[in-house]
């Protein structure tokens, strides 16, 4: 492999600032520019990484040497940024969710396809060894036919409070698992039933439970919550399990293998997603961005086609609709 | 406390044979008689325990010295036995589920109330330290208002095959968790939506997933399966979690703390339900029967009133109905 | 089984007060008397349980109707109490350790044997399903010849501070595991090497590590600490593992299956040792006392002969000696 | 960063073949040559990766364009290869252990220092998020003064049988933990006592237990075994824990978060060390090699200085000596 990919990052919040650092450290990437509507933040990240700082994404995209961008903006700003990046001819790594509803997601995909740029959606679980190996264990020749599949994602209420109206439990958390379930089950969700609850007053749903049907006959169970008290060990828990006619597999991310014991209590730490070790960010997120860089440079396909990422969005719409109406909803694709 | 309770056991399958042994060992119980339609089995258990053996429950119930019976028959035979025991004036410990449908359950309760005999339903989780302490942790002053509650019970397909048409996933497994959820949430389920799947051909549903609503506004998530391959560690897994406005609690029975490693693989063992140690059956089941014996002798109330056990059955009926019709069902009480 | 055992409890600290409550609840026991040098404490426990309260153990032992006593005093007071109870002809349940050194332990055993009273040492792990099933898994026909065995017991520094000079890490914690290792390995420890460390200034060793040899050729590893910060989940952790020529087994008590999540952090709870559920103390300690009551009444042997308990004490002496001298020590029996 | 590092791999066994694949995939490395005394193996790996194949390491080292090599040979062949690579002016990544005894290790270090080549020893735990974060948690300002530290590494007997006389439990497994303990405790081991056992007849010790002292006053406990039955979940278990005067931390690699359930049993999978996902080897080993490549190219220091790796070897010698003599041994540095 040869050459480096000249990258930029649009949006420098929790994820964007990590994208910037990972690109800055990656041997095949060169971080050229970063951008945030908060000028001070843009300047700070630019200073740390040696990249140029912008407060306007169009200015960043106008850089002719820039080859690729990560878009790490709030969900509702994905469309404008993605369309602008596509128009500018840059390869795009768009942080999940693809968009905040299916219609928008389809417009983004159309624009990208029309422009011909490379396009990948940042589904980090596609790079988590636990999820990927569960996908392997669920290969038809090992698992047989899927019977049922369940996914759980539990976060803390501080996240719901922080995000407020900028995202939702379905599009912030849920998209991970809808994608993972369809990927691992090798089938798409066709029908859903959901119930939600709002008691904490965070401006978001506290939790959403759902039962779904897959095109291949399997049933699914979904458990999303960001109502957990902030003292939840590691700040989150996720699990996924799939049972087939021949075998089964499950993953449980509760135990990260690391415990810190103080007089006040026992806590954990992230050992998989984006642990900061030896002065760099390692783990799943670094592997995801490394894949984007290398596959973009080499012209090879990304591990996930963006049409699979697109497949998750109408399910989220259907879940939101069912939770609103109280009756089952068909997934409209 | 003084005196001993003269007990009998009707039905000597997996549970009944354990009831017999536990009574035979209990210092405040005297196992007087056992009964099974399979005469050889009755004779075997009678021989081991020193009790009289019967192949007809009415003959057993005719023993004037008998004070109390455990009924451990298949679900559909509960009514006949319970009514006969009530008519004979015996205190009754009826293995869960109370009955195989709500109408039958109500008839049993009516007959028991008319007869005036003591009556307890064998909900073993009421004696499991993990579930009981989760109940304590969910006290309103600690938990606040319940937001969501989830229960999971995963068994192996060998159980589904063994039981065939004599029970069902809802009445064999599900009744545990419906009771536990209503007990721990301090509220009853009012509305349900369920989906089931049958691919293994065991003569039973393989799995059932459901989303439910509680009277107090909380939502619930249910995950029942006995489609797991027979090599599932410990033969089962169950979890329960509840999140409230102030705190949360969860239990996970996956790790029993015990591992046996052989060349062929790593397996576990039961350290809670009915472990056989030091020549006797210990654990939750022994505690349940001990409670029945002591509270019956002392005249004190059982930890669970049978009307709470009754409250679980219409939920099971509603779940079965929704799984059949594909639309939500109201719980008819 | 018939009749009840009239019991008393001498020493009403952490363990003694639990013994009293368990006897008071047990159907085959009658708690007749309790005793503590702190008169107020004796009166309080007497009031709760309906027993007579004493501040002098000799007065308690003078009760003619009393048949059995639990001795739950600090280690150095075991001898006086045990000899007095033996002289008074009472069956004895002596909380571990048998004594605070081997010479004293031997004197107690001699006195008991001369008196002819029943005698059991309270080794609770003999009633813990995890340890007992590991013992079963280590049966020679399953395990083959033991190769190595390891035991770990980790407590919090608050315990070391509370006990001060009244016990030691070896006699308070270590006796559990020395007994368990010799029991499960079916062999006695013959030689030891230990190192200790004292940095916290609790008046006790913070920790002691040791390597030991068994008579059957196996090697052993011991890890004792009560230097853990007080926020250690569940307040303690213990593990044991044994590997043999044919198979292996291990137990890990870290995960109790129960988690309480609050804003401040995640904590656990005791689900095995002495959980208080449904208004009574359940678990291992209750099973231990129940065994003492029933075996005493029936005249059957206790699950552990007191000579096995005695076998642990010279090992503790040797460990203390090696930790002092810095060279290996032979176990003198 | 710019440019690529032209690398070669000497020795193509379990580790060497992985090194070759990782270099072949790495964006900043170019795998130029591989070498194995087994000509067929060298040809196979060369074919897969596009590198040149050699059966003589001197021929490989004679390639002028080659800049760096991984040496993945059996322990006793490290010296010849390292000296030759140093003489040839190549940067060296030497798989652990540095050497099979302290005298050899010192000769290697001297030769490397004389030659002036870059030199790193492959201590993979320095790249494992669990170990690295435990190192961070043990920083003096968080942990206080170390009191005690314990490390455990349990492997399966198949490994002992496979390696035979080519390595030993101390140099194959133990070197990991000696390095980790000294690194995390910020202190060196000065005195050791060890016992070993050999019952399985694999040509290696089955297990070695040790108690050690650190220069800073802390005590250490070591548990090495490769006597576990081959069915041990995941094939290995490792743990490490450190307790200080202010706080404590522990890691437990037993739970990898992944479970595959079949009729025959439940098994796991590697999610940390070298999981193969998305067509490449990810995890700790890939991070280690990536660090070697990037730090070599940039001229920055490696995360571990080779003198720290050297510090582990005399401890292994002392452990072997103590296990042989049965008395404590001083570490000679």
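Letters are used for the chains, namely A, B, C and D, taken in the order the chains are written, and counting of residues starts over at 1 for each.
Convention: contacts are C-beta pairs under 8 Å (C-beta built on N, C-alpha and C of every residue); 3 or more make two chains touch, one makes a residue touch a chain.
Protein names from UniProt, one per chain: A, B, C, D = Gfo/Idh/MocA family protein.
Model, not experiment: these values are computed from the prediction.
The fewest steps needed to get from chain B to chain D, moving only between touching chains, is 1. Compared with chain A, the chain whose C-alpha mean position is the greatest distance off is C.
Once the centre of each chain is set as its mean CA position, chain A and chain C turn out to be 52 Å apart.
Taking each chain's centre as the mean of its C-alpha atoms, chain A lies 42 Å from chain B.
Note: centroid distance chain A to chain D, computed from Cα atoms, is 34 Å. For chain B, residues that reach two or more other chains under the stated contact definition are 228-229, 232, 246-248, 252, 259, 261-263. Taken chain by chain, the contacts link every pair, so each chain touches all the others.
Of all residues in chain B, those touching chain D in their complex are 228-233, 259, 261-267.
Chain D meets chain A in the complex at residues 1-2, 4, 26-28, 126-127, 129-130, 132-134, 137, 246-253, 255-263, 269-272, 275, 277-278, 282-283, 287, 290-291, 293-294, 297, 303.
Here chain C touches chain D in the complex through residues 145, 147-148, 150, 152, 193-197, 199-200, 206-207, 209-213, 217-221, 223, 225, 227-229, 232, 243, 245-248, 252, 254, 326-328, going by the rule given at the top.
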